[in-house]
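Below, each structure is written out as C-alpha cells.
Two complexes come next, and they have one chain in common, subunit A, joined by subunit B in the first and subunit C in the second.
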Partner chain A sequence: MKVTIDNITIEVEPGTTIMQAARQIGAHVAPPAMCYYEPLKGSGGKCRACLVKVTAGSEKDPRPMPKLVPSCITQVQDGMIVENTTSPQVLEARKGVVEFLLLNHPLDCPVCDQAGECHLQDFTFEHGVSKTRTIEERNTFEPQDLGPYIQLNMNRCVLCYRCVYTADQVTEGRVHGVMHRGDHAEISTYIEKAIDNDFSGNVIDVCPVGALTDKTYRFKNRVWFTKPVDAHCDCGKCSGKVTLWYRGDEVIRVTARKNEWGEVQDFICNTCRFERKKTSDWTIEGPMKVARHSVISANKYGASSIKPAFPLKQAAEQYKQIDDNRDRSFLEPQKQLK
Partner chain B sequence: MKLSNRTKVLEQEELTLAERIYLPAIAGGMMTTLKHFFQKPVTIRYPEQKRYLGPVFRGHHILKRDQNGAERCTACGLCAVACPAEAISMVAEERKKGEETLYREEKYAKVYEINMLRCIFCGLCEEACPKEAIFLRHDKMVPVFNDRNEVIFGKDKLVEKMDDRYLRDGWK
Partner chain C sequence: MKILTQHIDVPGIETIDVYRKHGGYSAVEKAIKTMAPDEVTEEVKKSGLRGRGGAGFPVGMKWSFLAKPEGVPRYLVCNADESEPGTFKDHYLMMKSPHTLIEGMIVSSYALGANTSYIYVRGELMYVINILEKAIQEAYDKGLLGKNILGSGYDLDLFVQPGGGAYICGEETALLESLEGKRGNPRNKPPFPAVKGLYQCPTVVNNVESIAATSWIVNNGGEEYAKIGVGRSAGTKLISVSGHVRKPGVYEIPLGITVEDFIYSDEWCGGIRDGHKLKAVVAGGSSVPILPAELILKTTNGENRLMTYESLSDGGFATGTMLGSGGFIVMDETTCIVHNTLTFARFYHHESCGQCSPCREGTGWMDKVIHRIEHGKGRMEDIDLLVDVAKKIEGNTICPLGDAAAWPVAAAIRHFRDEFEWHVKHPEEATKPGAVFMREGASWTL
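This part shows the complex of A and B:
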C-alpha cells in the first residue's frame, strides 16, 4: 500500500495506522503522541494531539475526509494523501488541543520531576501558544502516595489511560483505574490501595507527564544534570535492560530503556527499578544515546546548531548577490571560478 | 620575496642641529607633564570613593523573598543550566507541612551556592529564572575576597534580608 505523508511517499503493510507509517518515514513527519503507546494494545485515540488532515482518502475514492482524523487509530488506505505539519489547519487544531490539555494542568514545570522529559512540555513548546486564555480555576487534588515507591500528582494528569493499560497488560491484577466521568475523572486506586505488583513501577515510565513519579527520585535532581548510562543485569523477573541516571558517582534513578518515540520496549521489574541503585549491581554498556537537541544534552551550548526559522527567512529575503568583477588572474586556476 | 608591488623604502634624513641637542623636545615633554598637574584626575580612590554604577549594573546576586517573606526560589535548576561559567549549584528539598511561610513552592533550595570566582556577571541566570527569584543587584558589588574559602557564596549571603529589601525602580 502506498501512502503519502507530507509529500513523502512510503510503501507500508495493510493495517498500518497513519502514525506508524509516519514514524517509518522519520521523526520530522511523525505526529506527536500523548496517549498512543505502541507496546500497549488498545492505547490511542484519546488526547487528539496527533490529528492530521487526509486530503485524499484512497486511490478509489480520492475525496478528502471531512474532519481531521487521529492518526494513531486511523488505518491507511492505498493512495491516501496525508498532511501533517504542511497543513495550517492541523497546526491550528493542535494549538487548540494544547489549550485543552493544559486546561487543568498546573504550570509547575520548575517543581515537577518530569520536566525535561515531559511529552506535554515538548508538545506545548512545539505547537502551543505562549499565553493562556483560561481564567477559570483549575481542578486541584492533593498528591497521593500509591504504595511506597510511586507518587500520584493528579493535578498534572492528562487522562491518557496509558498507566491503566500498563497495569492491565504488564502486571497481574490491576488495582487502579479512572474514576468518575468528564471533568471529574481522576486516576485512583481502590481506597488508596497500594500498587504492590512487581511491575507496577512501569506506570512511571509510561506516564507522558509528571502525574506518576518515582518517590525514590523525588526532587533528587533535574533531568538535565544527570548522566544516562545503559546497563543490564541478570534478573529472573525481567529482561534487566535499563538506563541508569547518574549524578556524579551515584545512581539516583533507574528507568527502562526508551526508544526514539519515548516508548519502553522491555518493561522492568520493581527490584531493578527501586532497589538496585549501586554501580556494582549492574554491567554498564555505555552512555545512552541522547538526541542532540534534547535538554538532557543541555549546558553544552548547542545554540549555534539550532537555527530558528525567522532569521534564516529574513536573511534569505535580504540577500543580494554581489557583483564582483575584480581581477582574479593572480589566483590559482581552481579558485578563479566564481 | 615580494608580496605586492606597493612596498616603499623609507629613507631617514639626517637629524638637524635642534633635534640633535634634544633640549627643545625635553621642554615639550615637560610642558605636557605640567599641563596634567592642573587637570582633574581621571581615577578615583576606590575603596573610600565609589562610582555611580548606573541603573543596569549587574552586581551582587540576591535570592528574593516574596511580600510575605517566603523564598521564591524553587530549585528548578534553570539558572544553573543557563550559566555559561557553571558557577551555580543547588540541592533541592521537599517542603514539609508547616513550612509554607518559609518557602513559596512545594520544593525549595536547601543549598544554593554561587562560586563568585567563576561568575562572569552576565545576568543569564536572572533572565532564565521562571520564578523571579534571582537578581543581580544594581547597587552593590561583590566584596573583595581575601581568602579562597570566601569565594563560594551560600544562602546566608544570597537570600534577601527582610529588614533590608532590594527593590528596583521599575517594581515600585
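This part shows the complex of A and C:
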C-alpha cells in the first residue's frame, strides 16, 4: 500500500496506521503522541495530539475526510494522502490541544522529576504557543498514596490511560483506574490501596508526564545530570534489559529501555527496578543512545568534542521562531547602536 | 395526524389488554406471520423514517449497514437514555404507553434477525423502568416475547437495562460500553456498531421514537408514512416543548408545519405567555444552536421556517439550527442569554466523560469563563476566547459531545454578542437579579 504523508510517499503493509507509517518515514514527519503507546493494545485516540488531515481517503475514493483524524488509530488505505505539519488546520488544532492539556497542568517543571523526559514538555515546545490565555484557577486533586514505590501526582495527569492499559496487559490484576468524569476524572484506586505486584513499576515508565514517578528516585536528581547506561542481568521474572541512570558512581534509578518514541518494548519487574541498585548487580553494555537534541544529552559531551559554534549554529537554523508577540520596541535602540 | 400518541390518553393503555383492543401488536402479527425480515427493512427504507435521537440518519439505511456474518449474534439496542436538557419525549411515550415501544422492538428485532434486544433506560427514570418491566412480562405471558413467538419459530428476549445516570451514555458506543458493564466511555470509530457493537457483535442502536414508529410503518406500509411530512422529512415527530409558552408539553406533529404555527397556534404551544414576546428558541435540545426570534420564524430568504430537518438547518449554522432530538425550548424577553448559555455550558462540563482532551478541558474552561462573565468579572477578550475555544473543540473529539458543548456557546455569541458585551461593560447592572439586556429595536423589546 502506498501512502503519502507530507509529500513523502512510502510503501507500507495493509493494516498499518498513519502514525506507524509516519514513524517509518522518520521523526520529522511523525505526529506527536501523548496517549498512544504501540506496545499497549487499545491505547490511542484520546489525547487528540496526533490529529492529521486526510486530503484523499484512498486511490479508489479520493474524497477528503471531513474531520481531522487521529493518526494513531486510523489505518492507511492505498493511495491515501495525509497532511501533518504541512496543514495549517492541523497545526492550529494541535495548538489547541497543547492549550487544553496545559489548562489544568501545574507548571511545576522545576520541581518535577519528569522534567527533561516529559512528553508534554516536548509537545508544548514543538507545537504550543508561549502565551497562556487562561486566568482561571487550576483544578487540583487530593493526594493519594499508591504504596512504597509509586508516587502519584494527579494534578499533572493528562488522562492518557496508558497506566490503565499497562496494568491490564502487563501486570496480574489491575487495582487502579479512572474514577469520576470530565475534568475531575482522576487516576485512583477504588478504596485507598497500594499498587502491589511484580510489574507495577512499569506504570512509571509509560506515564508521559510526571503524574506517576519513582518514589525511590524522588527529588534525587535532574535527568540531565545523570548518565544513562544500558545494562542487563539474569532475571527470572523479566527480560532483565534495563537502563541504569548514574550520578557519579551511584546508580540512582533503573528504568526499562525506551525506543526512539519513548516506548518501552521489554517491560521489567519491580525487583530489577527498585531493588538492584548496585553496579555489581548488572552487566554493563555501554552508554544509552541519546538523541543529540535531547536535554538528557546535555553535560555528556566534553568541551573538546563539540565546538561552541556548532550548537549555536544548530540553534539558529533548527529552532523555530518563538511565537511571541510581546512588545519588542525596547530592543530597537540596541539595533541602532550596532 | 397522530401515530405514536394516537391512543396515549386511553385509560389503561399501559396494560396489554387495552393496548391490543386498540389495534396493538397487529404489526407483530403481520410482520412475523406474513413478511420476511428483509421485507420489513424494505418498508422502513421506503418510509423515509429518520433517526429521532438527534442526528436524523435514515433508519432503513442504518439497518441495511448491519453486518450479517454467519454464526454471530446480532443485537438491537434501544437508546432510551434521553438526557438532553429540554428533551423529554421518550420518557413521556414509555411512561404512558410502554407497549408502543415493545411492539416496535419486536418488529425491528425481527427485521434485523436479533434474538436478544435491550432497552437502555437512563437510571433516573426508575419508575419508567418498572412500567417497562411490567409491560414486558405481560408480553411474555401472551407469547409475544420469548421462544417461538406466535408459533413462527422466531425467538426474542427483551431486557431493560438501567443506566447509571450519565448523559454520555446516550452516545451509542458509550451506551454499548455501559451495557457491557464497563465505564461509559465512547469508542473510537471505525469500527461502527453495525460491524462491531455490543460484545463485538453487529449491533443497531436506535432511539425510542424511531423504533416505536416502525410498527405503524409495518401496519400501513412505508409509502403511507412517507406521504406525511415534507420531502426528506417524513412522518411525525414528538416535540417536547418547554419554556415561556402557554402550553408546554409533548406534542406529536406532522413534520412540515411552520414554526410560527407551532409556537402560536392553539393546537400546539398556544403562543408566548401573556404580555411577553418571543426572544429566542433552542429548537432541538440544548446541543443545537440557539436562534433569535426573527431567524427562527423566517429563514434569511424570507421563507417561513418549517418544522423539518431541512428547513431548520437552512442557512447552516450562520443563520440556521437543527431539528435535533425535538427539545423545543422557548424563551421570552425576560431570559438572559448569558445565563442560559452558562446553564448549558455547566451541564456539558459536568457530563463530559473526560476521555479526550479537547472536550475534557474545553468544556470546563468555557464553563468557567462564562461563569465569570455572568458574575460581572468578564473581560472583553473573553468573548473571542470563547469562540476560539469552541472552534478548537468542535470536530476534534472522539464523540459528538464536544460538538454539542461547543455549538450552543458559539451560537449564543454569534447571535447575542451585544448581550455578552453588555455583561462585560456593565457588570454592576448585569449582576442585579432579573436584569436583562434589551437590544434597541429588537423584535422582542417591549
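The definition used in the following text is that the second predicted complex is superposed on the first by the 296 of 338 C-alpha atoms of A that agree within 3 Å, B and C clash if a C-alpha of one lies under 4 Å from a C-alpha of the other, contacts with A are read in each partner's own complex, and residues count from 1 in each chain.
We take it that a contact is a pair of C-beta atoms (placed from the backbone, for glycine too) under 8 Å apart; a residue touches a chain by one contact, two chains touch by 3 or more.
Please read all numbers here as calculations on a predicted model, not as lab measurements.
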item	value
Which superposed partner A:51 touches (first subunit B, second subunit C, both, neither)	second
Partner chain in contact with A:218 - subunit B first, subunit C second, else both or neither	first
Contacts of A:235 with subunit B and subunit C, given as first, second, both or neither	neither
Partner chain(s) touched by A:115 [first = subunit B, second = subunit C, both, neither]	first
Which partner, subunit B or subunit C, touches more subunit A residues	C
Subunit B versus subunit C as contact partner of A:180, first or second or both or neither	second
Subunit A to subunit C touching residues, read off their complex	34, 44-49, 51, 67-68, 70, 73, 92-93, 95-97, 99-101, 103-104, 133-134, 136, 139, 158-159, 161, 177-178, 180-185
In the complex, subunit A residues that touch subunit B	108-111, 115, 218-222, 224-225, 295, 298-299, 301
In the complex, subunit B residues that touch subunit A	74-78, 80-81, 84, 86, 92-94, 105-107, 130-131
Complex contact set, residues of subunit C against subunit A	166, 168, 183, 188, 349-358, 360-365, 368-369, 372, 385, 389, 392-393, 395-398
